[in-house]
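In what follows, chain A forms one complex with chain B and a second complex with chain C.
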Partner chain A sequence: MSIIVFTNFLKSVAHRFAILLYLVFALFPLYWLLKIAVTPDKLLYSEGVKLWPSEFTWVNFELVFTQSEFPTFFMNSAIVSSATALLTTLIAAAAGYAFCRFKFRGKLIITGLLLVTQMFPLVMVLAPIYKIMAPLGLTNSLLGLVIIYTAFNVPFAVFLMQSFFDGIPRDLEESAMVEGCSRFQALYKVIIPLTLPGMAATLGFVFTAAWSEMLFALMLISDSSVSTFPVGLLNFVSKFAVQWGQMMAAGVLALIPACIFFVFIQRYLVQGLTAGAVKG
Partner chain B sequence: MNTLVTQPKSQKKIDLQRFLEPYLYLSPALIIIALVIITPTLVGISYAFQSIELLNPFNGGWIGLTHFKTLFSDRYFFSALANTLDWTLISLFFQFSLGLGLALLLNRKFAGRKLVQALVFLPWAVPTFLSGLTWAWLFNPIIGILPHWMTSLGMLPEPYNILSDPHLAMYGPIVANVWFGIPFFAITLLAALQSVPSDLYEAAGIDGASSWQVFVKITLPFLAPMIAITVMLRTIWIANFADLIIVMTSGGPANSTQTLPSYIFTTAYRRLDFGYASAMAVMLLILLLLYTAILLKMRSKLSNGD
Partner chain C sequence: MASIKLNNICKHFDQVEVLKSVNIDIQHGEFVVLVGPSGCGKSTLLRSIAGLEQITSGDIYIGDTRVNELAPKDRDISMVFQSYALYPHMSVERNMGFSLEVQKVPKAQIKKAVKEVAESLGLTELLDRKPKALSGGQRQRVAMGRAIVRDPKVFLFDEPLSNLDAQLRVHMRLEIKALHQRLQSTIIYVTHDQVEAMTLADRIVVLNGGIVQQVGPPLEIYDTPTNLFVAGFMGSPSMNFIKTTVAEAGGEFYLETQTGVKLALLHQYQDLAVGMRICCGIRPEHILILNSTSGHLQARVKAVEPTGISEQIYCSFEGADLCIYSMQRTDCKENQSVSLQLDLQRLHLFCADSGQRLQQWPSIAENVSLGQASASS
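This part shows the complex of A and B:
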């Protein structure tokens, strides 16, 4: 008996150790980013590779907030990502509802179309979109980015919203319709409140995706007053390649909104996907 | 027919409404996809047969297959193709096997599982440009620790930046890509693991199966369909994914990390040669379609073989 207890103990120690390794691998790069950001410049070359600096400073963050354009980039990214998330969720909720509750001609083709857009090489449309948007005044414009990001996030968001609608029993809206609601009223008064958590998750996903998009932003934006965070940061890196502390402090800023959203949505991740997997 | 004709007008109107209703809900999605994805794609295909250089605006017009002829004698195109294969297969192998390992570890109950799960999935939420920069900094011997560790382990003769070594540079973006991609596989596989009926495991336990036997005989067959679809979709996704390479090496040194998508991006963004970039993009699209077709064919053959 004691041998069994002992091997079980060994097994759980090995299990914890393996998990610890994964945790270290996942978090170490982010830790390093933070560490360099709070290391005083004068210590960088003497202690650059130490695990913890002997002195600690917030001066890099102060410089980033007061002396740089990063607050502007941050705001631009926040505007673009929130607008994209809102617009995409609205459009995807409507389409997801149609997929979930209606049978209609062309459903299979439209599903296929949405799937194909997911596998598409993005680089294929960079040049044509630039050529199409330039005469419309949508290059160097936040609105242009919102339109593009919305289009590319809609297909995935539709599948996500559809799976959330699938989880709501039909009887609910049917009984509302029997009571004299039109379908739209039933959707608005009964179904939407129930899908709010699903919509929140979709908002989070799309926000995170828009926040990290960089190829279109690089291609379409050259004016720093409308730069999003990736464009601003990459320009900063190529111009001031040795301002390590400031670059990393700016990097930490870019991390914040994504982390908040992620902590907030991560409980939906496995849950939602399990539902999807069971459904087949 | 008769009944249709004699139907009151209002009934017809209702039928039409019913018929149109789903399309009404779908229309915003379809319109924006048609305008922003499909139209530019068709325009892009037409660019492949034109000369469009923003730096050389008078040199325009239709030029037939000239770009494709250039492409077949462009050695950077072929080295980019080989690099795309390396980049995709090595990244995929490590993302998948480490992701599966993580999913199996997380599929057990233990104290603090929720917190651990949130933390190990974090790399997935890190914006890709930041992942690229962070790893590029980690590989830099002045402020990063990795070259020093690799030197102590005897992997490098002295601490230098592998991103500037044409023989090793590709491993930089690959490591970053593995770091970023493990959570994706872990999440999808964990979801699939949690849908394995627990009575199967109980039965195996009663029969005295070892945990390896359980893994091979129950877990893997149950996961197989999920694995097949995610690996297929992920291969395409990784092959197309250029952000990390553009941020970390921009294809250098000496084109040693240039993949096809990063080469296309550089041609369009730096050289502003939209025609040639589109021709390469068309080739990429054809290759991806071929890959998908072969896989689907193999799948139908396999399921017929059963």
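This part shows the complex of A and C:
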């Protein structure tokens, strides 16, 4: 008996140790980000590789707020990411519902085309997209970014939302329809409340994707007043030096909204990500 | 309450014809059970009546109104689904009052209606719970309650008991029967379980391959199945069939099995001809196992299934299986040779080619059905 208890104890310790090891590996870059952000410039190269600096400072954060355009970048990123997440989730929810519930001509072809959009490396389409956006006045514009991000995130989000709708039995909306609802009423009274975890998961994915996107932002935006923060981070790299401290401080600050967002939606996210997988 | 009239209902799914010219008249207050094997179209027919499927052709009338083009919400029906279809994010109370909520009935009125129905179904204690906190039987009752609160013209039940265990199923069957007696409402009930069909229905509609095989009261269907399919489908254990041929001796017809066993004189049947192939059906409870060898058939026991209250003995005769239902404990053993006595008055003869029941001369048919009625009483 005691051997079994001991074996179980060992298994549990090994299990936790494995998780700990992974967490250290995954979170170490973030820790390094924070460490450099609070290290004074003078110690950056002089102290060698130390896990924590001998001196500690907030000055990099102060500089980021007061002497850089970071607040503008930050606000631009927030606007673009939120708008993209909302727009994509709305479109994906509608499309996912249609794919899941309706039979229509060309459904298979459209599904195929959505998949095809995911197959090309983005670099391949950069130039044509610039060619399309420039005459429309959508370069150097947050709207342009929102449109592009939405377009590129919709296919994946549609499949994600479709899987959530697939997980909701048809009987539920049919029952609502028999009980006096139109299809639309059945959708918003019964189906949407049940799909909220799925929508939260989609919102989360798209928000983070848009928040950290750099390739399109770099190509379409040249005016720093409409730059998002990944592009803005490059401002800390000048011809003669890289302002590591400020860059890292900006990075830490940029992590905050994403973290807050995930704290709010994590309950739905876990629910949402497992909803389709396990028949409950 | 309302009557329902189905005129020439056809339904195609792409190239597949699921319902083929279905005609049924259902009186108001009647409990009609649609029964048939999986894929026979019974659920499709029910869903067509509900408006959840568009029929390809034909007319559906609820009361005097043709409802072909009406949306489900406008047909004034309630439906209990196999999965119960309770809304997981709403409490039992909101689930039950949902239809009234959609109709924008004042809240106080909804509360009163839900309370009354909940009391009648013993759900009062559960009103604040969410569906996931209910047992299967309770969910079933909530689904029924939700249908009742609405006070619809017609109730539709789509295999509502198939997810319950055997004991609960019997209990809920009684509750549904009591519900019908109390509400006197028109009910269409779909099931593949013919015991449910026999016990609940005023009339049974037997479907196979999208075609109505027979419509009638349960005992009529059991006693005089119109074709081989109905004979084999209705009844548990199901009817035995013996392959025979019509032969003649001394001006009288009789049946001869493949090995030359003579079975019955056939003077009561019409349109017979020597050499005609007949499928001779007999219900398991109409075969007796004799101690002597004076029975009609000699068969070999393959298996014995004692259920406590009865025994089912499976025998092999001319390569086919015969099931015998005995209320007596027979002490039969596997591989034992037994003599079987058939109740020749209860034979069901079907033309082997068309599958249709052989017609009896009218006066004889009347006597036989009277005899069966008195035997069953």
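Definition applied: the second predicted complex is superposed on the first by the 232 of 280 C-alpha atoms of A that agree within 3 Å, B and C clash if a C-alpha of one lies under 4 Å from a C-alpha of the other, contacts with A are read in each partner's own complex, and residues count from 1 in each chain.
Going forward, a residue touches a chain if its C-beta (ideal position, glycine included) is under 8 Å from a C-beta of that chain, and two chains touch if they have at least 3 such contacts.
Everything quoted here is computed from the prediction, not taken from an experiment.
Of the two partner chains, chain B is the only one touched by A:155; chain C is not.
Using the contact criterion defined above for the overlaid structures, shared-chain residue A:119 touches chain B, although it does not reach chain C. With both structures placed on the common chain, the touch criterion links A:234 to chain B but leaves chain C unconnected. Shared-chain residue A:174: touches chain C; no touch with chain B. When the shared chain is aligned, no partner comes close enough to touch A:135: not chain B, not chain C. When the two complexes are overlaid on their common chain A, residue A:190 makes contact with chain C while staying clear of chain B. One of chain B and chain C touches more residues of chain A, and that partner is B.
Judged by the touch definition given at the top, the superposed model places A:182 against chain C, while chain B stays out of reach.
Interface residues of chain C, counted against chain A in their complex, comprise 50-52, 71-73, 75, 77-79, 81-83, 85, 87-89, 98-99, 102-103, 146, 150. Those residues of chain A whose C-beta lies close enough to touch chain C in the complex are 169, 171-172, 174-182, 185, 189-190, 193-194. By the touch criterion stated above, chain B contacts chain A in their complex at residues 19, 21-23, 25-26, 28-30, 32-33, 35-37, 39-41, 43-44, 47, 52, 101-102, 105-106, 108, 110, 114, 116-131, 133-135, 137-138, 141-145, 148, 179, 182-183, 187-188, 190-192, 194-195, 226, 233, 236-237, 240, 242-243, 246-247, 261, 264-265, 268-269, 274, 277-278, 281-282, 284-285, 288, 292. On chain A, the positions that touch chain B within their shared complex are 12, 15-16, 18-19, 22-23, 25-27, 29-30, 32-33, 36, 44-45, 48-49, 51, 90-92, 94-95, 97-99, 102, 104, 110, 113-114, 117-132, 147-148, 150-152, 154-155, 158, 183, 208, 211-212, 214-215, 218-219, 229-230, 233-234, 237, 244, 247-248, 251, 254-255, 258-259, 261-263, 266-267, 269-270, 273-274, 276-278.
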